[in-house]
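Which chain is which? They are A, B, C, D, E, F and G, in the order written, and residues in each are numbered from 1.
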Amino acid sequence: MYLAKWTILLAVFWLLLSGFMQPLLLSFGAISVAIVLLVIKRMDVIDEQPRTIGSPLAALIYIPWLLYQIFLSSIQVTRLIWTGKTKVSPSIAKLPVSSVPENKKVLYANSITLTPGTLSVDLDEEEVTVHALESSSIEELEQGGMADKIAKTWGKKNG
Amino acid sequence: MFEQHLAVLPVLLPLIAAPLVVLINKPRAAWLLSTLFVGACVYISFGLVSATMDGGALRYALGGWEPPWGIEMRVDSANAFVLLTVSVIATLVLLFAKESIASEVAHKQLPLFYSAYLLCLAGLSGILITGDAFNLFVFLEISSLATYTLVSLAADRRCLTAAFRYLVMGTIGATFILIGVGMLYMKTGTLNMLDLAERIQAVESHRTINTGLAFIMVGVSIKLALFPLHMWLPAAYSFAPSAVTAFLAGTATKVAIYVMLRFVFTIFGAGYVFEQMNMEIIVLVLALAGIFQCSFVATTQSNIKTLLAYSSVAQVGYIILGVSLVSLTGLTASLLHIFNHALMKAALFMAVGAVFYRMGSVQIIAFQGLGRRMPWTMSAFTIAGLSIIGVPLTVGFISKWYLVTAALEQGNWLVAFLVLVASLFAVVYIGKVIEAAYFKEPSEDADATKIKEVPVSMLIPMWLLVLANIYFGIDTSLTVSAATAGAEALLNGSSLVGGVQ
Amino acid sequence: MSLIFEHFNHWVVVILMMIGLYIVITANNLVKKVVGLNIFQSAVFLMYITMGKVVGGTAPILAEGVTQYSNPLPHVLILTAIVVGVATTAVGLSLVLRIKSAYGTIEENEFQNKEDVI
Amino acid sequence: MTVLIDLILLAMLVITAFRIIYIKDLFSVVMLFGIYSFLCAALFVTLDAVDVAFTEASVGAGISTVLMLSTIAITGRKEKLSLHSHTFATLIVLLTGGALIYGTFDMPLFGLADNPVHEHVAPRYIETSPTEIGLPNMVTSVLASYRGFDTFGETVVVFAAAIGVFSLLGVRGKPTELLAQEQGLTQHKVLRVVAKISIPLIILFALYVQFHGDFGPGGGFQAGVIAAAAFILYALTFSLRKAVGVVSPRFVKYLAPVGVLLYASVGLVSMLNGANFLDYNVLAADPVDGQHYGIIIIELGVGITVFSVMLGIFYAFAGQVEKANVQ
Amino acid sequence: MNLWASISQDQLINLAIFIPFFGAFLVGLLGKYPNLREAASIATSIILFTVVLAITDNTFHGTLMNMHWFDLFPGLSVSFLVEPLGVLFALVASFLWIVTTIYAIGYMRGNNEKNQTRFFICFALAISSVMAICFSDNLLTLFIFYEVLTLSTYPLVTHAGTKEAKEGGRIYLGILLSTSVGFLLFAILGTYAITGTLDFKPGGVFDESSPDLMVGLLLVLFCFGIGKAALMPFHRWLPSAMVAPTPVSALLHAVAVVKAGVFSILKVAVYIFGLDTLSDLATTDLILYAASGTMVIASIIAMTKDNLKARLAYSTIAQLSYIVLGAMLATAMGVIGSAMHIAAHAFGKITLFFVAGAIYTTAHKKLVSELDGIGKHMPLTMTAFTIGAISMIGLPPAAGFISKWYLLLGSLETSQWVAVIALILSTLLNAAYFIPIVYAAYFKSEPNDQKHQSHGEAPLMILIPLLITAGMTLFMFFNPELPLALAKQMLELSL
Amino acid sequence: MDSVLAASGLGILIVMAIALARAMVAPTVYDRILGVNMFGTKTVLFIATIGFIMGRPDFLDIAIVYALINFIGMVAVLRFFEYTSESN
Amino acid sequence: MSALDYLSAALLLLGFIFSLSGAIGLFRFPDFFTRIHASSVTDSSGAVCIILGLALQTNFDLVTVKLLFILFFLLLTGPTGSHALAKSARHGGLLTIPECQEKAKDGVS
């Protein structure tokens, strides 16, 4: 299932990149996808990374929301930049990530980075360390809005 | 089928052999394969020399694209002659290397060594026979990269710094050539040498061309170790593995000199370089200064490889001197000396390599009393040394004779005299070694029982060279006619037009 | 004034070459020397690419409605030259590593001193 | 407008290079060098040399920088005070610069369509290569066909570099010889996940570049470098030990000559067919098809060699870093 | 001589050159068996002498033998031609080789020298190259074998292997090679550049078109370039080479090396410049004065030397200049005198050296001041010494008188007063440093502290050779026909 | 519209210049890396824009390569930076 | 200029403003961790705006896809890079402002 997903993804990617529908290039594409799959397989044997690429449908829901968050965040940072450094009151805190599915922790951490005023500076199994420009942002996070969103979008604790 | 591709085979064979050697990855088989391929190159070079003896040129359009759109290989009597020198030396050194290198380089690295060796040879051959100015740069870099590798393979850690310095200087030199070629291209729109030669006449007096000439000359001078730019050479030659030194001394600088000849005579034209730019005076002075300075430094060395390396720089001076005289005799002398010096220097470095094989050192103290213990090696050294000095009946005398004759022809008595006087330095530095070998007792710490003659496989190539030193010192008809043909080809460009594929 | 603009590229190339060469000569550290070599070489690349440019032209890949292409030949040459450059850099840096393990330093004056000791 | 962009880029280039002279922290030097390469590449794009920009970005800013970084990881970050004579250097540099400036005065003016460069050899490439060779990318046509021998030489240069590095640093890398425990970046979970997602895409992209060099910028060389970069990314984020498990150094070592031989074999086949070395016309009944097949195969040869050499070189360097780190 | 008649006459030249060469080879092969080795040496020398006799015979019958080996350069060959002057030198050298070989065997064994095989090999090689020099047909050939001679004698000079010997060897090689490469080769090339030929031609190769200045310069270069002629200031190698064993000194001084030098000068004077050209050149006089100066100065230095061999060495320097002087007189008389002196000096000087060696071997004495009363113990040896000394001084009844007579006549004929004075002065000086030795040997009493104990004459192997050469010195006074005839034949050729 | 594209190209150039300045003069090495990273990202955008300015937007492959290399370079910097210390 | 063009121009302008702000932020913010905010966040939004702006200029073909892929990649790697850098900086011993203040307090007491 997992490799099949990859196969489709890669094939689509190839077609989008190439855009040629000649048999020669298509067969090259097939060979290429095969090679890449081989590499993925070898890599998976070697490392024990969680093997998932998630469902594209969920991503379609999540991404616009994320873009919106990014936009908000940029406005905030831009405001801070132009209004001067006096208003900056950086703070740092550790948040638990137990509520986030295992394979979405990375997404969570990256989303934190992208969203208003916060930045994930460390991530391990238990918690994520967050650095914020304003302490209020941390409080917002602590309320767990984003964690919920992720959990809601992808469903709880399964891949 | 075979004749058709004659002009490209000297490059192709080693180029194909080099990856094969890596794939085989067995030292003995690698050696055998390399020797076979390089031996074939000698055979082909002979064919090329005889094919071009009449003044014609072989042209070979790679990819079937006629020049100037494609790259062509062009062999005339000048580069066929140098090519023969290079491939002969390469073969002999390879024979010598079997034992010599096995004792200096780790067993596992031997296939890599042979591969680098083949690449170096391929690069040198490519430089020689290509008819395209940029292609020349590519092959220059192939040979340079392989050379850096070869130099750095020795056990002495100083070979690393030597190789690095060589790399820096070599890269600057190559880049200078690239700049020069770029300027020529900018003004003419072509890279093919013949085409360049033709089109350059229209823009000859332009400042860009002048600068291009200057950069190419400086770049090539670095590569051929012309006097003030020679500093990389002694270190590189001193610390490289013995066989590598023998190979490089016999070939690398020679090929660089050929590049200079090709640029000066074929592309720019002697008239422009020497009459308009008056390059010959600069070159003459530098050559003489190099001859004297480096000969003198050679006499003060106690490391025999360094000594011979400085001697090589001085000998390069002789060759360049011949070029700067701009006459048929002078060029003949240069081409002759390219061949002759390759014979003697390769023999000398092989002898030194043989001493290193047994003694593990090339300091003069290691040579003490060797005349008795390694009679064949030391007599080879002696004869080749006499050749460097320029004693009659050796090749050294022949090239010196032509050089002085060329100087006298121009009424340049002073230069002739200086050339002769400079060869006295050689008496000093060669004499030093011979004296130690024959008239000194072995040093105390040398383990006398272990010191015996080197294996026959090392002696045979060494002695082949020594015998060649004597043979070509007596029967000069072959070398002189080949060199004269080469010089004529360079001077009048008759071979440049026409010719068959 | 137009002369300045027409030759501006060339002069920048010259300046870059000078900087590269200067670093190569003066740098005491071998890695920096290699960096200098790279700068020097890439200046030459720039020189070639500059000469291949046609103002008003476009990249030499066939496209509809384009008549004026820049010269592809310098591009080919420089592709090769870049490869040569990276090859040289790789070999040079591996030499640097070996020098470090053999001498314990890659400062030119320091290992020169050590060479004298031998 | 493009002139203005050109000028700004050039100015930035000079400033960067100038700054490199004075920085003693090699780490910064290398980073600035990366920037320098990026700038060069950007400049190449504005000067229409898209293929070159492609290469410069992947090689200069990519491979070279990574190699330099791994070198200074071993050799140390600080450049000590230079004792060299700066007057001497200045003199030489001024001399060279002076000569070059002198040379520029007769140089053809920038960008004119009737410069000698554009008049003699080049028009043929531009006008007839699309019909003769049948490829839209003239750079690929010239590179692989008209000057195919240069490219063969270039492949050999890469191979020669591999020989040099392998013999200097050794082809290290049975996994057992390498550091067992993971440390540093390999603990960056985020990095690992992201890398793991992007690596297949990067490899596929490399293969796309490999096979589409005929139509757009790119080709075997760039593809090889990008593919190698994917594995380098894997080695950087997952440790060298694991990367070596995926593609072993021995494999890489034997792959490099195969690429060169593949290239050469195309030439040999055309020789067997009675044509000159690398004459692709005879590879198929129709010369244009022959050209196409020939170019695809030789590009593949280049790609294989470049990929394996670049990866092999990286293995050699990273192996040294690990070794130094163990001690 | 009938034996050689069966061989093509031209081949005799090859024989003369290759017999010693193969002799050297044979000696090398037999190195492990000293008796066989030395038998081979002697046999070779005798065979060589007969060959040279055959050549002489042919020359008297007017047969011009020539032999072409190979073309070294287009138009320049290594080739040989027998002419009278060469025959004369060849005769002297090959005869003395026999004598010296016998002497050397005695000496080397008597002193237990090391590396005897190497010694005999080099000796034979030196003779081989001397033969080639004798018969050389052009300057190129002459130069080649001139250098071979230098190199093959170098191991002989350095034979002892001591620090002193190496020092001597260095000076020997240094001066000889630098003069030959720096001046001689230059002069040869200059000649080639001007005339386009290097062949020895009776009457010379220069003609009116040759620039006088250049030709004059070339003469100077030749005379100083032939360092083996030991013209001051390039004479230092000769005393330095004294460190070598006595047979080597004999070889250097009498048989081969210095003779090859003056022979070359003579040959260049006669066959390259020609007497006519020579007499017109301004620089001829310059060389003449240099030779005169060398005669006088070397004689004075000789007087100051206490070491017998050193004294003899300076004497040689002076005597060589006689020959150069004779050549520079550029008259028939002078040339005949020179030719004659080559032979006369060879026999006289070799006798003196043999004696010095005999004394060293028997009594282990090197210094003149130690020789008081030695005549009583070694009467035959000292008689030979006396004869040699008389020849050196130029008194009858020794061969030296004849040559000096011709030289004096020649100088008077050309009104070269400097030469005349120098000749007379050096004769006096010669007497002044030889007579006291003879006097001391016979008439002074031995010092009490070191009696010449029981030693008598030297071993026969040493004694016989020196008696033979002394005898030859006398014989040549009474029968100078052979050398004179050869010299005159040469002049006839060139006129 | 061309002028808008050109203007935005110029604008990105200006941002690049500022990032470059940060990369050259920075209080800590991390700031320098930050500057370099930003410079890289902006170059990607710049290259993308240039394609549109010159009317050949099919060269976006180059921009992709830039993005890849910039990321790998960043990782490499961090990776090897661990091994190097100021004192070394 | 069509409506799309206006939209595209606006996006480009916005992107420029974000980018410029980020660059200025690199200089204006007090410590490394705050500067990382400036860089990371505005980088992403700048990239989004500019690439979307460019995408509107295309004919909505392969070029658009490639642009989106670039965007995807930048959004993937941008925060990852910032995160890794911040993490490295923390491991390398760089302190945030609050930590500095605490440390200073500790030093005083």
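One rule holds in what follows: a contact is a pair of C-beta atoms (placed from the backbone, for glycine too) under 8 Å apart; a residue touches a chain by one contact, two chains touch by 3 or more.
Since this is a predicted model, take the numbers as computed values, not measurements.
**Student:** Quick check on the contact graph: shortest path length from subunit D to subunit E, in steps?
**Tutor:** 2
**Student:** For subunit C and subunit G, what is the smallest step count along a path of chains that touch one another?
**Tutor:** The fewest steps needed to get from subunit C to subunit G is 2.
**Student:** Going by C-alpha centres, which chain is most central here?
**Tutor:** Checking distances from each chain centre to the full centroid gives B.
**Student:** Would you identify the chain whose Cα-based centre sits farthest away from the centre of subunit F?
**Tutor:** E
**Student:** Suppose chain centres are the mean of their C-alpha atoms. Which chain sits farthest from subunit G?
**Tutor:** E
**Student:** Between subunit C and subunit F, what distance separates the C-alpha centroids? Give it in angstrom.
**Tutor:** 20
**Student:** How far is the middle of subunit B from the middle of subunit G, if each middle is the mean of its Cα atoms, in Å?
**Tutor:** So the centroids are 58 Å from each other.
**Student:** Using CA atom averages as chain centres, what separation in Å is found between subunit C and subunit E?
**Tutor:** The answer is 69 Å.
**Student:** Calculate how many whole Å lie between the centre of subunit B and the centre of subunit D, each centre taken as the average of the chain's C-alpha atoms.
**Tutor:** Centre-to-centre distance between subunit B and subunit D: 31 Å.
**Student:** Mind pulling the residue numbers of subunit B that touch at least two other chains?
**Tutor:** Answer for subunit B, listing residues that touch two or more other chains: 134, 138, 141, 145, 148-149, 152, 179, 185-186, 191.
**Student:** Among the residues of subunit E, which ones contact at least 2 other chains?
**Tutor:** Subunit E, residues with two or more chain partners: not present.
**Student:** Subunit C: which residues touch two or more other chains?
**Tutor:** Residues 17, 21, 30, 51, 58-59, 61, 63, 73-74, 77, 80, 84, 87-88, 91, 95-96, 98 of subunit C touch two or more partner chains.
**Student:** With touch defined as at the top, which chains are paired up in contact here?
**Tutor:** Touching chain pairs, listed by label, are A-D, A-G, B-C, B-D, B-E, C-D, C-F, D-F, D-G, F-G.
**Student:** Inside the complex, what are the residues of subunit F that reach subunit D?
**Tutor:** 3, 6, 9-10, 13, 16-17, 20, 23-24, 29, 32-33, 36, 39-40, 43, 46-47, 50-51, 53-54, 58-59, 61-62, 64-66, 68-73, 75-86, 88
**Student:** Considering the complex alone, what residue numbers of subunit A touch subunit D?
**Tutor:** Residues 6, 10, 13-14, 17-18, 20, 25, 28-29, 31-33, 35-36, 39-40, 42-43, 45-47, 49-50, 53, 105-106, 109-110, 120, 123-124.
**Student:** Show me the residue ranges of subunit D that touch subunit A in the complex, using the header's touch definition.
**Tutor:** 189-190, 192-194, 196-197, 199-201, 203-205, 207-208, 211-212, 215, 234, 238, 242, 245-247
**Student:** Using the touch definition up top, name the residues of subunit F that touch subunit G in the complex.
**Tutor:** Those residues of subunit F that touch subunit G are 1, 4-5, 8, 11-12, 14-15, 18-19, 22, 27-28, 30-31, 33-35, 37-38, 41-42, 44-45, 48-49, 52, 57-58, 60-61, 63-64, 67-68, 70-71, 74-75, 78, 81-82.
**Student:** Hey, which residues of subunit G end up touching subunit F in the complex?
**Tutor:** My answer: residues 1, 5, 8-9, 12-13, 15-16, 19-20, 22-24, 26-27, 32, 35-36, 39, 43, 46-47, 50-51, 53-54, 57-58, 62-63, 66-67, 69-70, 73-74, 77-78, 80-82, 84-85, 88-89, 92, 94.
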